[in-house]
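Just dropping this structure here.
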Amino acid sequence: MSNEFIWPVRVYYEDTDSGGVVYHSNYLNFMERARTEWLRSLQLEQDDIIRKYDIMFVVRSLSIDYIKPALFNDALIVKSTIQKLGRASLTFEQFIMRHNDEEILTRGLVKVASLNVTKKRPAAMPKAVYNQFVSL
Amino acid sequence: MSNEFIWPVRVYYEDTDSGGVVYHSNYLNFMERARTEWLRSLQLEQDDIIRKYDIMFVVRSLSIDYIKPALFNDALIVKSTIQKLGRASLTFEQFIMRHNDEEILTRGLVKVASLNVTKKRPAAMPKAVYNQFVSL
Amino acid sequence: MSNEFIWPVRVYYEDTDSGGVVYHSNYLNFMERARTEWLRSLQLEQDDIIRKYDIMFVVRSLSIDYIKPALFNDALIVKSTIQKLGRASLTFEQFIMRHNDEEILTRGLVKVASLNVTKKRPAAMPKAVYNQFVSL
Amino acid sequence: MSNEFIWPVRVYYEDTDSGGVVYHSNYLNFMERARTEWLRSLQLEQDDIIRKYDIMFVVRSLSIDYIKPALFNDALIVKSTIQKLGRASLTFEQFIMRHNDEEILTRGLVKVASLNVTKKRPAAMPKAVYNQFVSL
């Protein structure tokens, strides 16, 4: 296993705006798809985690630099690494790049926290989940 | 009271696509905002209805004609009427028009059903809600 | 080649709403992704078509039945066929199904028209494009 | 005039996700609506600025803290100030609050750059626009 995960994303009309480029908040959606698929690749399904542990992941903070725009029909990849791992949170660094030339379009840092769903309060992530991240 | 409800909508970048116009599915969002605000104007808050009656409204079917496109920055209005009222469903006719010249941009028919949230099955709407619609 | 095209779609948080299901207008986005990918599978890239022929496809009308809801994390497929082919328009029938059991969740009919981009008027689609559809 | 602008936003189903709260990237949309309306309140229409000056505003970078979630039906306000004004960029600080108790839900910093549309390069904003911001 490796602390890097690549996920492909295609740009459709729904993602663009009348400036002719991907609308700025939609890059965050691409980044979340990549995080979800990374978890899935580790056998961590978020709906299962909620049912089993009453724990969900929520975005606590993020920063993003928009370097070059993505365009309609672009084939993109999201390259993610975990930069910091705590008991109740983890921080992803995520780059969105064009697939063909690996030109970097955006760079983001996303801090995700684990939350007890019932109590709506921060809570340590389940051991089984945490251990998966440690072993990357 | 009257069986017609007007709700203004402004077009932002988020609503448009790289074709330079409002993305086709986003008109449905405008139409739902208008239905929500009509209910609110009748003192019917959908989160209250769920809590009190375990009933929610869901879209069952819809059809829409795209006649002219709406553009970035357009001031629009959504004009809604109830075309058909049943015990467990109602059908809205909704026009999206430009505010300044009332040019019709889209015309939609949206059938909304009331649903028992726990059982996830069709259910008659609460009497208090139904009576509000009857009295329009 | 065949007059049927299957495209997989995964449901992410961005697609759902607080009712716990996919938000009703987002199914239309899934359907458009499938149409775009069908065109791509025929070597028809929509940005190329605009550049070469000054022609774009726009949604003219649609109807959709919401039969069962899709949920967070669902693996879906969109099954599309062309129901009617004209010189300047085509009508797709599109089913969204769960991948595992092929349960039908929505059924839609989408009429797409070809448009001269500069004149913003209906126009026959390019012969090369039309012939691709005829030969399916 | 004043270096503060308040804009109301209502949360609709389209804004929420199956976690029961506003989806994290949609707060950015609310913040952009507020920036657009602030410009409009200064008689600065972004489509006019493109046509007259060949200049548009794009988001260059942003950071956001998610403090408390917004829920379906919440009446929110976006409170914006300009934190830094340059010739070719400006940085907004934007708080999203509940309307009734002014509880802060998110805090964001958004750096917006002015861009020559034709050359797709950074460019000083038009004097008439810049002077509006200076005079706040």
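Going in written order, the chains are labelled A, B, C and D, and every chain counts its residues from 1.
As a working rule, a contact is a pair of C-beta atoms (placed from the backbone, for glycine too) under 8 Å apart; a residue touches a chain by one contact, two chains touch by 3 or more.
None of the values given here were measured: they were computed from a predicted structure.
**Q** Taking each chain's centre as the mean of its Cα atoms, which chain lies farthest from chain D?
**A** If we average the C-alpha coordinates per chain, C ends up farthest from chain D.
**Q** Call it same or different for chain A and chain D: same when shared residue numbers make up over half of all numbers used at their interface.
**A** Over half of the interface numbering overlaps between copies: same.
**Q** Indicate the whole-number Å distance between the mean C-alpha point of chain B and the mean C-alpha point of chain D.
**A** 27
**Q** Averaging over Cα atoms per chain, report the distance between chain B and chain C in Å.
**A** Here the centre of chain C sits 24 Å away from the centre of chain B.
**Q** If you average the CA atoms of chain C and of chain D, how far apart do the two points sit, in angstrom?
**A** One centre to the other, that is 33 Å.
**Q** Chain A: which residues touch two or more other chains?
**A** In chain A, the residues touching two or more other chains are 13-14, 19, 25, 29, 32, 71-72.
**Q** May I ask you to sort the chain touch graph into line, ring, star, complete or other?
**A** complete
**Q** What part of chain A is in contact with chain D in the complex they form?
**A** By the definition above, chain A touches chain D via 19, 24-26, 28-29, 32, 56, 58-66, 69.
**Q** Mind listing the chain D positions that touch chain C in their complex?
**A** Touching chain C: residues 13-14, 16-21, 23, 25, 71-72 of chain D.
**Q** Which residues of chain C touch chain A once you look at their complex with the stated criterion?
**A** Within the complex, chain C touches chain A at residues 10, 12-14, 29, 32-33, 36-37, 45-47, 71-73.
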